[in-house]
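Consider the two complexes below, in which chain A is the common component and chain B and chain C are the respective partners.
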Partner chain A sequence: MEPPKIWRERREKYLALGILCHECKKKSFPITQYCPYCSSENIVELKLAQTGKILHFTRVSQTAEEMMFYAPYIIGLVELDDGIKVTGQITDNKLEKLSEGTKVRMVFRVLSKNGEEGLIGYGFKFVPI
Partner chain B sequence: MDYQYDSSRLELTYISITAIMNKLFQGIIMSKLGIVSYGSYVPKFRISIEEIAKVWDEDPNEIISQLQVFSKSVPGPDEDVATMSVEAARNTISRWKGNPQDIGAIYVGSESHPYAVKPTATIVAAAIDAEKELTAADLEFACKAGTAGMQMCFGLVKSEMIKFGLAIGSDDSQAKPRDPLEYTTGAGSAAFLIGKERVVAELEGTYSITTDTPDFWRREGAVFPSHGNRFTGQPAYFQHIVDASKGLMEELGTKPSDYKYVTFHQPNTKFPLTVAKMLGFTTDQIDISLICKNIGNTYSASSMLGLAHILNNSNPGDKIFMTSYGSGAGSDAFSFSITDEIEALKLYPLTVEHYVNNKEEINYGKYSRYKGILR
Partner chain C sequence: MSKREVYVIGYGITKFGEHYELNPSTNASQALSKAIQDAKINKDQIQSLYFGSLVSNRNSQSYIGAEATRECNLNIPVTKIDVGNASGAGAFHQAFLAIKSGLLDCIAVLGTEKLSDFVNSSTIEKILGGTLDYQWEFEQGATVTSLYAWMTQAHMKEFNTTMEQLASVPVKNHANGVNNPIAQFRREISLKRFLDAKRISDPIGRFDPATYCDGSAAVVIASKEFVENHSEIEKKVKVISSAQSSDKIALHHRETLSSLLATQIASKKAYEMAQISSKDISIAEVHDSYPIGEILAIENLGFFQKGDGGGATIEGKTQINSEISVNTSGGLKARGDPFGATGIAQIIEIVQQMRREADQRQVDDIKYGLTQNVMGTGASVLINIFSNMEDDK
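Up next, the complex of A and B:
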C-alpha cells in the first residue's frame, strides 16, 4: 500500500470508525463524506461496537501479493452489536472451529506487508471470544 | 485597654488556617503519583520445550529442570510488537475508562520494533485515539526499555508537564535456531498508565543501576542476537538486580519482608527465584509473578507482565517490589503501595491470567513459519 492510502485510512482501519447521520439517524461503515442512505452531509464519526457475531465466512487461498504470507486465511461478514455489518479477517483460528453465530471480538493486527522494505498495513480483524 | 473581641481578625485567621490546611491536604493528595491503570497481552500460540528439544535431539527433561520453563508464547503470523503494544494499551484504556486524549506521552520499549525507522509509539497513539497533542518515542535497552519508559512517565507527570503517560514494554523476541535462547524466547506486552488521579499503585520510589556490561547484543542489520553464555549470569543479571534492589530498599528504609509480592525480570524461572533468595525474599513472595513457566521470556514485557499480574491479585495496603533487568546492562527498581482504587480495576476481564490460559499448541514447523524462519 502506498503511504497516502495508509495515512488516509488509518482512523477507519485502526479504530474501526464509521459514520452516524444526524438526518436519517442511520449508521454506516466505512467513513464517507456524506450519508450513503440519504446523501446528507450532516454526519459525525462513530466508533463501531467492538464485539459481534459471524454471519458468513469462507477461506481465502489466493490473494494479493502483499497478503500471501498470511494465506490461507478466513474472511467473514460480521454483524457488530450495534447492528452494522462489516467484513474482516477472522484470525488465530481454523475454519473447522468456526460456525455461523460465533461471537467475535475486534483485535489489532497486520493486514499487509509491502515486501521486505515497504510499509506495514495495520487494521482490525476478529478473534472468537 | 479593655479586651475587645475582634471578630473580623479572628475570621481572617480562621480563613488563612483553613487555606493552609487545605493546601497541605491538597498537597498530600496531589503528591500521590503512581500507576493509574494497567493492561497486558500474550499471543495465543505456544510451543513446548519438548517440541523444540525433539528437533535438536536434546533431552527435554534436562532443559526443563535447568530452566523450569515448560512452553513459550509465539505470535501469530499477523502479530508484531506494534499489534501486541496496541492490545496491551487498549486493555489499559478500557480498564481505566478515561479519555485517551488526556495522554501526554507514549513510550514503547522493545528490542524487536517492526520498523528500524518509524516509531511503534506513533502507531499505538493512532490506534488508541490519542493523536495528536502528545510526545512519543520508541526506546531500546534490551529487556528493560519498558521500565525506562515508566520512569520517564513518572518524571513527566510529577513535574506536571503531562497529565498521563503510557509506558509499554513489548517484544517478539528472537533466537537463532538451536541456540539455548530458543527454548525461552517468548512474546507479549504490558502497559502502564502513569498519573496522579485515581492511582491504584502509588510510587514510593525508583532507583537504577547502569554499567557497560557486554552480556547480550545484536549488531545493526543482524537478524538474531548473540550472548556471552555464562557471562549473562553473575556479572550481568544477578549483580545489577541485587545492586538496584538493595539500593532502593536502602534509600526507602524498607526490607524484603515489608513487601507482599515481588517481581524480577524472568529470562527463565530459575534466575528470578535465585535472585529473590539472594536478596532475602521468600518463594511465597515471588511465586505469583513467575508466568515465564508457561509463556517464556517476553523480554521488555517480562517484569512488567509480572507486575500487571501481581496488581490484579493484590489488595489495598499491599507493598509491591519490582526490579527489571536489561542486558548491556542495567536494572530499574520500583516500590509501590496499593490503594483502595485497585478493587474496581481488578474486575476487567482481559487479565494476564486470561491470556496465559488462552492457548493453542503448535509444532516446530508452524513455529518456524510464524516466526519468519521459514520464508
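Up next, the complex of A and C:
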C-alpha cells in the first residue's frame, strides 16, 4: 500500500469512522463529503458501533501477496449494532466455532505487510464476544 | 430513440487456455484478423476499434489494442473501454451506441486477455480486487470467491437452494463445453466430483469457479445501410438491444445478496428496447463464473421465478434444446474466463448459433438470444439481445 493512501485513510481505518447526516438522519460508512442517501453536506463524523453480529462468513485462502501471511483466514459480513454493515476479518477463532448471528466486537489489528521493509497496514477486524 | 439497425457481420475467436508461447498482441490480432476475414469486407472499411481488457495497459502489459492494430495494419482510432472484467461487453455496448448515433457505420470490437503471464495467482487476485470495493472489501480481506460464497449462502438460506442444484450448473456447462472447439476444458465432470471437492470458501468448492486463462474474441458490427451497400457481406445477425446498469459495488451496501439488481435493471431496459419479453428468449449466454452466478442470472433475467433457478437447472430445463438453452458454449466454466474476452465470446456463441454453425451443440429453434456479462460481484451488468426472426434479417 502507498504511504499517501495509508495516511489519507488513517481516520476511517484506525478509528472506524462513518458519517451521520443531519438532514435525512441516516448513518453511513465510509466517510464521504456528502450524504450518500440525500447528497446533503450537513454531515458529521460518527464513531461506528464497536459490537455487532455476523451475517455471513467464509474462508479465504488465496489473496494479494501482502495479506497472505494470515491466510487461510475468515472474512465476515458484520452488521454493527448501529445498523451499519461492514466487511471484516473474524480473527482469534476457528471457522467451525462460528455461526450466523455470532456476536462480535471490533479490534485493531495488522491487515497487510509489504515485505520486510514496506509499511504495515492496520485496520479493524472482529473477534467473537 | 435512433431507429438505426445494427448487425454483427463477422467474428473471430482464439482457442481459450494457457498460451505461454503467444504474445498478448499476437493473441489479440489473431481474433481481430479472423473477424475481419469472416466479415468478408475490405479492412479499410473499418472505421474504429473499441477494445475491452482488464489487464491490458498495466502489470507490465503494453496497450494491446494499439499493438493489435499495428499487426493488422490498421490506422484507425483505438479506444479501450473499461468495465472491469466485463470490458468486452462494455466495448461492444459502446460500439453499438456509436453506430446507433449515426456517426459510424462499421466498427471492430475486440476483447482480449493474457493472464497466463501472471504465474503468481496473488497478482490476479489483486487485479480482481479492483472489480470490488478495493478499500473496504478487498483490503479488509475479502476476495471475489469469498463474496460469491456469501451470495451463495444467502440464496441457499432464502430459497433452500441445495448443493446438488448448485453443482448441476457446472455439470451442464462442462457437458456443453465438450462440443465447443475453443473451450479450455472439453471434458465432462460428474456431480459427485463437484460435491466431493474440497471447499475453498464454503459453500464454494475447488472446482466451482471458472478459471482465468488467455483468450481473444472479436466481432465486426455495422449499420443496416453499410450492410446494404456491401454485397460481399454474406452473413449477418441483428442486435436488437444493448443495455448496461450498475449496482453498489460493495456487498455490504446492498439491500440483498440473493439477487443482482444490475441484472434486473439492465434486462428490463434491454427487453423494452427489443420490445420482447423474457419468454421470447431461446438461448442465453450468462455469467457463470461461480454456480450461483448462473442461478442468479436465470432468475433475474426473468427466465424462472425468483428462487426456482436451482430447481430448474437440476431438472434439466436449461440444457440444450430444453425450455431455454443456457450457456450452450460451456459458459465461463468450461470455455475458460479471459475477462475482457468473455463478453465478446458470449456474443460469438449467440452469433454462431443463429448462423447454425454450432455443430453438435446447435439449438434447433432459435427466436431470440441474450448475453449477460457481469463485472465483479454485480457492480455492473451488460445485456445484449440478438434476433433470429425472419423480419429482422
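What to note about this one:
One rule holds in what follows: the second predicted complex is superposed on the first by the 129 of 129 C-alpha atoms of A that agree within 3 Å, B and C clash if a C-alpha of one lies under 4 Å from a C-alpha of the other, contacts with A are read in each partner's own complex, and residues count from 1 in each chain.
Heads up, the rule we're going with is that a contact is a pair of C-beta atoms (placed from the backbone, for glycine too) under 8 Å apart; a residue touches a chain by one contact, two chains touch by 3 or more.
Treat the numbers as computed from the prediction; the structure is a model and nothing was measured.
Comparing chain C and chain B on the residues of chain A they touch gives the larger count to C. In the superposed model, A:Ala49 lies in contact with neither chain B nor chain C. Once the two complexes are overlaid on the shared chain, A:Arg59 sits against chain C while remaining clear of chain B. Contacts of A:Ile75 after superposition on the shared chain: chain C is touched, whereas chain B is not. In the superposed model, A:Arg10 lies in contact with chain B only, and not with chain C.
Contacts of A:Leu20 after superposition: neither chain B nor chain C is touched. Of the two partner chains placed by superposition, only chain B is touched by A:Tyr122; chain C is not. When the two complexes are overlaid on their common chain A, residue A:Ile31 makes contact with neither chain B nor chain C. In the overlay built on the shared chain, the residue A:Thr87 is in contact with chain C alone; chain B does not reach it.
Applying the stated touch rule to the two superposed structures, the overlap between the chain B and chain C interfaces on chain A comprises residues 70, 89, 111.
Per the touch definition, chain B reaches chain A in the complex via residues 44-45, 76-80, 82-83, 86-87, 90, 114-115, 123, 126-127, 129, 360.
By the touch criterion given at the top, residues 10-11, 14-15, 69-70, 89, 91-92, 107-111, 120, 122, 125, 127 of chain A touch chain B in their complex.
Remark: chain A residues 1, 9, 29-30, 56, 58-65, 67-68, 70, 73, 75, 77, 85-89, 95, 111-112, 121, 123 touch chain C in the complex.
Those residues of chain C lying in contact with chain A across their complex are 120-123, 125-126, 129, 133, 135-143, 145-146, 149-150, 153-154, 199-202, 204, 250-253, 257.
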